[in-house]
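In the two complexes that follow, subunit A is the common piece, with subunit B as its partner first and subunit C second.
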Partner chain A sequence: MKLEKSLVYGLLASILMVSAPHAEHLPPWVIAFGAAVLGWRAYLNFSGMALPPRWLLFLLSIASAAGIFLSYRTLFGREAGVTLLILLAALKLLELRAARDATVLIFLSCFIIITNFFYSQSIPTALMMFASLLVILSTWVHLHSGSLGLKPRLAISAKLLLQAIPLTLLLFVLFPRVQGPLWGMPQDAYSSSGLSDSMAPGTLSKLSLSQAVAFRVSFESFPPLREQMYWRGPVLWDFDGVTWSNRDGVIWSNRNAGTAQRNKPPQFDNLDQAVEYTVTLEPHNKKWLFALEMPTRLSVANFMTDDFQVQSRNAVTARIRYSAHSQLTFLANVDESPLQLQRALTLPKGLNPRALQLAADWRASLPGDDAIIRTALGRFSRDGYSYTLEPPLLGAHGIDDFLFETRQGFCEHYASSFVFLMRAAGIPARVVTGYQGGEPNALGGYSIVRQSDAHAWAEVWLKDRGWIRIDPTAAIAPGRIQGGLSAAMPDSAALPFLARNQSPWLLNIRFNLDMLNHQWNQWILGYDTERQFAFLTRLGMEDISWQKMAINLLTGVALTVLLIAILLLRKLYIRKIDTAQLLYLKFCKKLSRGGLMRAAHEGPQDFATRANMDMPQHAEAIRRITALYLAMRYENQPDESGLRALHRAVRAFKI
Partner chain B sequence: MSNPLHKVIHEAEQVILGKPHQIRLALTCLLARGHLLIEDLPGVGKTTLAHVLARTLGLQFQRIQFTSDMLPADILGVSVYQRDSTDFKFHPGPIFAQMILADEVNRATPKTQSALLEAMEEQQVTIEGTTHPLPVPFFVIATQNPSNQIGTFPLPESQLDRFLMRIQLGYPDAQAERGLLSGIDRREIVATLTPQMETAELLALQQQVRQIFVSPALLDYVQTILRHTRESAQYVHGLSPRAGLSLLGAARAWALLDGRKAVIPEDIQTVLPGVASHRLQSVLDAQKSDGDKLARELIEAVPIP
Partner chain C sequence: MLSTLQHKFRSWLFRPQISSGTITLNQRRIFILPTRRGLGFALVLLLMLVGDINYNLSLGYVLTFLLGTVASLTMLHAFRNLAQLEVRAGHCEAVFAGDHADFVFHFHNNGNLPRYQLELRDNNGHHTAFDLPPHHDSRVQLAIPSAKRGWLNCGRVTLYTEYPLGLFHAWSYLHFDVRCLVYPRPAAAQPLPANSAQNGSGKLPSKGDEDFAGLRAYVAGDALPRIAWKALAREQGLQVKHFSAETGSELWLDWALLPALAVERKLELLTRWVLDADALQLQYGLRLPNLEITPKYSSGQREECLRALALFALDGGAE
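Then we have the complex of A and B:
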């Protein structure tokens, strides 16, 4: 059987549609080779020339496998496997000879659809794959009913997809979920944009140019004020003159262990003003779980470090959702261990002499810690400091340069120099990084925290009051804290598009899109074991075991298929419900037992004529039944007596 | 009721030998108030058929031989200035007759063809602002040479659609041919034919055709056929709603001719080749001549619901 030209084009389109999204991450030679093979096949189809010989296909297959091995050093795994699959599918097109090959290609296309979700599970990807599926299905329909036009083919495919939707929903809701991803994904599969465990001038200002979503938060009740929304991330202790980090953490904890004086656990003395909320955290390949200061409880496995960083045991490589409790007012570690305080006073030697001098002057002239803090903040707000995303470069004595010369900086400059001044003045202090604020999405009832909300602030330890948050940025640019980055920056600044204030309708579209994304993440991608149980409980299936779930699933599938079948067959049934026709069909069945089949297009009278010639002994009965049937079916108003007569005649009829 | 019709058929069969089916189809077409197109080679009896029908049905008969230099006025008529009464007087053309035989219609230019076809459609002729109604009943039998002959203007599809049916006569079989050759001249027999019914009777029969019952089951069948021609990739176009109405009308007339009060699927199947063959065109083969084969395939492709 020779395949139709248009069918081959359909198969080409199917393969092209499912492989095209992969082009983003395929090696250039694979794209060129694949395009060449598809183009070649299209040309052969167009010109009606013969397909290449098998030995050439064999060589090409070996060559492409070798090429993939050279590119990836393996034939397995996500990258190499997908590439191999695509190339072999393209080569299969070249040996498309019979309907069997077409069927194989159709299944291959469906399988390549799945591979696209290894890379992206976003809404556009899903829509694109849905469209591909429609094309594949219509090609399949084409394969089996060649005489249909394109439109009826698409209509049948769309109908098939629609019929599949109830089953899809059922499988989606009821299929037992496994904890964690179904297939082991390599680490490199996840983006790792976000806060890191160190901070140098430029780290945060660079990050704040990214409009990527860090996490989304929905508050159980009324959200706290923006000024109170400090999402705590990495806490940085050790300063080398340029970079703040935690590189000496091990040394300090060893020293602690030597003195047998353990770090004090975090404690909250004044539990007031509780906030409950749910965070949907985008994967960032680090361990931090962000929560409002100070978190008291998280719904996922976590531990809290001595400096109140909430961390997960493993790097966050998949989108996770957790609910959290936080106390907005707190007393933190009033009895901090002396060693920790000592660490919070350590400064690099021989750097920033002017800042050291300034702090020493303050300590000598001012009455206490509070006054020093106030003076430092006052200096930022009064002495010509400005808040900018593009600060000038700083020299070896970075803090001195900033404090006395350039006086332009982003939040990391202010946090860094403030902590330096505090330590120099003898007040234990540390840098805290994280996110500040968030953009409320009024439509979805949640807030979006983006990378552009990344922030750094300071914590000082005061006697009897513990660790206290001081945000020096609030002193220089209060708008940053109250209104977000865009409120604090002049319009000309190199702000990311999304961080700017925009016209209301644009904002509205953005909110709508993000809400759609949020719902997609929450309900489609984030539909995990926990969600499933919660959802099923709401449906009245409490504490369901997976066996029961499987039974429910099978029952549901069976019922759905039955329902669809009934709906589909009802059309045929309605046509057959005509009593006269039913009786006549019974009559035809009796005749067919005698070896006389009525063709589907054969009219009753023609059939009767033929039957009479075949079985003259039954001529009278056949004539009578046919006449009764014609009268009942095609003449006005079939009457009961006629139907009964037909019934009797058919019953009495015997071959 | 069916007697005069059967007499007509009987009489016609005496003249046109071996073509009972074509005679019945022509009569069906007349009863369904449609016009008939006969397409065949010259000399197979197209003209005789028209003559016979006109004579036996007692209709005024007018034959128009179409030629390539013919003008619309030659068919419709002209207004001529009257010197004595000093005004224009309309001289009706040959079209003002109850039965027209438009012989070799595809020899005329499209302009002249369309004058005839418009008159067929409107049942009236408008000349210089005055409308002249055509006689009732008005029945056109057009004959057409196969379009591959030299010097013809084949009728376009839109014009073909105005004919309810297209039939072909074909060569007579051996026995009929023998009768034809051995018997007396056909024209002499035609001259001896007498009308079998009054015009009023014919009009009443046309009215009866409309009252033939069509059951929902049969409408299902007609719709399935129409849908099949529209959905199948085999045809250039599907059948139009007008074709559907024509099919039903012709089937009703056939049922009446058969002496029944309701249409049965066989009626549809019988008239379908005549009604559909000139309206269907295969995508595979541009030759229109295999329309009958297409129609037969169509019948076999559609199951009777």
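Then we have the complex of A and C:
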């Protein structure tokens, strides 16, 4: 069976539509190759030329598999698998000979749609899904409906989709959600953008170019001031001259175990200024849960490390929601263990001699820790330092270069050199990374914290006061803390569009869009076990169990199917109402009242002849009605005037 | 063992109900099963669902449920494509063995719905596809090759559809008591018998012998080609051309005079002669061992002879 040209175009369109969203993350050669194959197939279809021989297809398949292996170093895993699927679908188009191949392609295109959801599940993605489904279904209908045109096929597909929506909604709401993966995931199962567990010059300035949402926060009551919003993330202790990390954590804890000393568990005193809020955290594939300093309570399973990082047990691979309780003022670990303090004083040997010298001078000349801190911050704010997203490169003695030569840096430079100076001066200090601030969305009553709000600051430990947050960035660019990145560097062209300050109406559109996204995330994408439970309870279901869910699901499905079946099959029984016949039957009824019954086998003409003989006084009317009826029913299409005449004649007829 | 049971079950479930008159396809007459393609799609959906659960893809759930629902609802669409159709069998024109017998079915779509891609198939896989617009009568022919002379029973034909997505196969069995008369296959061209034993004239009538002898009034049964259309056009009434050669030149096609041949060969030869004689507009008769058709000149002669040849010595041929 030869496939129709228009069917092949339909399949080409389907594959194109489902592959297009993948273009964003496919290697360029795959896009070029796929486009070439599609174009080639379209040309073959247009010109009616023969398909390429099988050996050529085989070679092309081998070549694309080899290409994928070279690009990804594997044929398995998510990225490579998706690419393979797309290329196979494109090559299958070149092998499209029978209806069977068309079916395989249709199934493949459905599957490719779902692979796109690994990368994006946004509203536009959903709209694209519906558009693709429309094209796929109309191609599919084409395969099984013979010679139907494009328009009726599109209409049929749209109807199929619309009829499916109620049941889909019902299944979506009631189908029991299973928490967690069914098996171990490949390493690349989740894309991750966000803070990492180390910090080098450039880490945060790169991240701050991303407008991706890190999390959204809605506060129970008034949100705290922007300069109080420090969302605590990874705490970094160990410095190797370039990078801050926690790579010596194991060594230090072993040393701890040897001395039988314990790290002090996190402890707070003088807590005040409570804040209650709910965080919707985007998946970032790490364990940190972000909360305002200092968090005291979270609604999800978590534990707090002795440096006050809040972590979940497993990496956050799906969007989660938790409510949290924080205290904005606190005294933290006033009674810190000596080993921790020792770790917070350790510096790499032989690096940054000028910074060491500077700190030693301060220690010698200044009265105490407070004075040293003030002097350091004062140096940043006065001595020609600037805050920039594009700092110059630094050499081997990075801190020295920054402090005495370039004097341009982003928050990681300031935090890093500040902590270095403190340690050199004998004040225990560490780097804290996280997010600072957040953009309030007045419409939705929540704040958005984006990757561009990523920030690094310092903590120093002072006797009797515990760990204290010092943000050196606030000294050099107070605007960054109070008004966000755009306030700190309004002219920088390097800033992403969304991070710049904008006109009010543009802001309004942005907030509306973000609120829509927020609702979408909450109700469609974040519809998990917990939310399903809450929603069903709100609908009035009590003590939800698996059995009950199953019963509800089955009942709901059965009722909906019944309803749809009635709506679909109703049309079968609607007959064209024949007005002429109705009128004639009325006439016969009148005659029967006069004692004249029409026999089942008797045609109208025979009946009229008999009636005329029985009732000669009505002969004229009977003849006229019969003639009108026969004309309406058998001769031509009933027209309005004829029907009206028949109607009048029957009404006027009296026995 | 299992297959016998299965066969028995199937033959019980689909036991033949031979019908005459009009059949309305109601839910008792329509069967639906998923196709292999449908089962394949179910597998694809299951894979997708596992993926959704594993990767927690909410939009994936939406897509999977949507496709699953669309696929399930096509079962209703397939049913709806057949339901409430009215079918009756039509007259089947006689054919010669080896030709296709065109069995005719009249479909009436009484409802408001167009029906797409209906297919009619007999047990040997001969099939035809058609659409039915709403409020429409349609005459559908199913061509079934005829192998041998006699009655060809239409047998059970299947009306089925896989519209709209090919995931479900909805079908109904149509078993009408219609049959098609199959004449013997005409033998290769052979000269007509040289004489006719009965009239002894010994003259082989041929075209050259025919002389136009005038017109006579039409009698019911006269062959159409003989009608004098020009006379009719001159408003002289329905008249028939009369040829002189016809009188006294009757041709007998006689079984007994045939050479020793197999029965079927003889019948094929006689069939050829009937056709040739009829084409030459001769007055011919047919004599078979059990039956004699006297020569007469009527349009029914050809059919009568062919029918006799078709049913010669067959069970039920008497009918």
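Throughout what follows, the second predicted complex is superposed on the first by the 390 of 655 C-alpha atoms of A that agree within 3 Å, B and C clash if a C-alpha of one lies under 4 Å from a C-alpha of the other, contacts with A are read in each partner's own complex, and residues count from 1 in each chain.
Operating definition for what follows: contacts are C-beta pairs under 8 Å (C-beta built on N, C-alpha and C of every residue); 3 or more make two chains touch, one makes a residue touch a chain.
These numbers come from a predicted model, not from an experiment.
Undergrad: Just checking: does A:R633 make contact with subunit B only, subunit C only, both, or neither of them? Give me first, second, both or neither.
TA: It touches subunit B, and subunit C stays clear.
Undergrad: Considering only the touch criterion stated at the top, classify A:F117 as touching first (subunit B), second (subunit C), both, or neither.
TA: So A:F117 only meets subunit C here.
Undergrad: Output check: A:D578 vs subunit B and subunit C. Expected answer is one of first, second, both, neither. What do you get?
TA: In the superposition, A:D578 contacts subunit B only.
Undergrad: Name the contact category of A:L148: first (subunit B only), second (subunit C only), both, or neither.
TA: Once the two structures are laid over each other on A, A:L148 reaches both partners.
Undergrad: After superposing on the shared chain, does subunit C or subunit B touch more subunit A residues?
TA: C
Undergrad: Considering only touches as defined above, state whether A:E602 meets subunit B (first), subunit C (second), both or neither.
TA: Only subunit B is touched by A:E602; subunit C is not.
Undergrad: By the touch definition at the top of the document, which applies to A:T555: first (subunit B), second (subunit C), both, or neither?
TA: neither
Undergrad: Is there a shared patch on subunit A that both subunit B and subunit C touch, and which residues make it up?
TA: 146-148, 575
Undergrad: Looking at the complex, which residues from subunit B come into contact with subunit A?
TA: 213, 215, 217-218, 220, 231-234, 261-266, 269, 299-305
Undergrad: Flag every residue of subunit A that touches subunit B in the complex, lowest number first.
TA: That would be residues 146-149, 152, 575, 578, 581, 599-606, 630, 633-636 of subunit A.
Undergrad: Would you pull the subunit A residues touching subunit C in the complex into a rising list?
TA: That would be residues 103, 107, 110-111, 113-114, 117-118, 121, 125-126, 129, 133, 137, 140-141, 143-148, 156, 160-161, 163-165, 167-168, 171-172, 175, 178, 181-183, 185, 189, 317-318, 524-528, 561, 564-565, 568-569, 571-576 of subunit A.
Undergrad: Which residues of subunit C touch subunit A in their complex?
TA: It comes out as residues 37, 40-41, 44, 47-48, 50-70, 72-74, 76-77, 79-80, 83-84, 110-113, 116-117, 129, 131, 135, 162-166.
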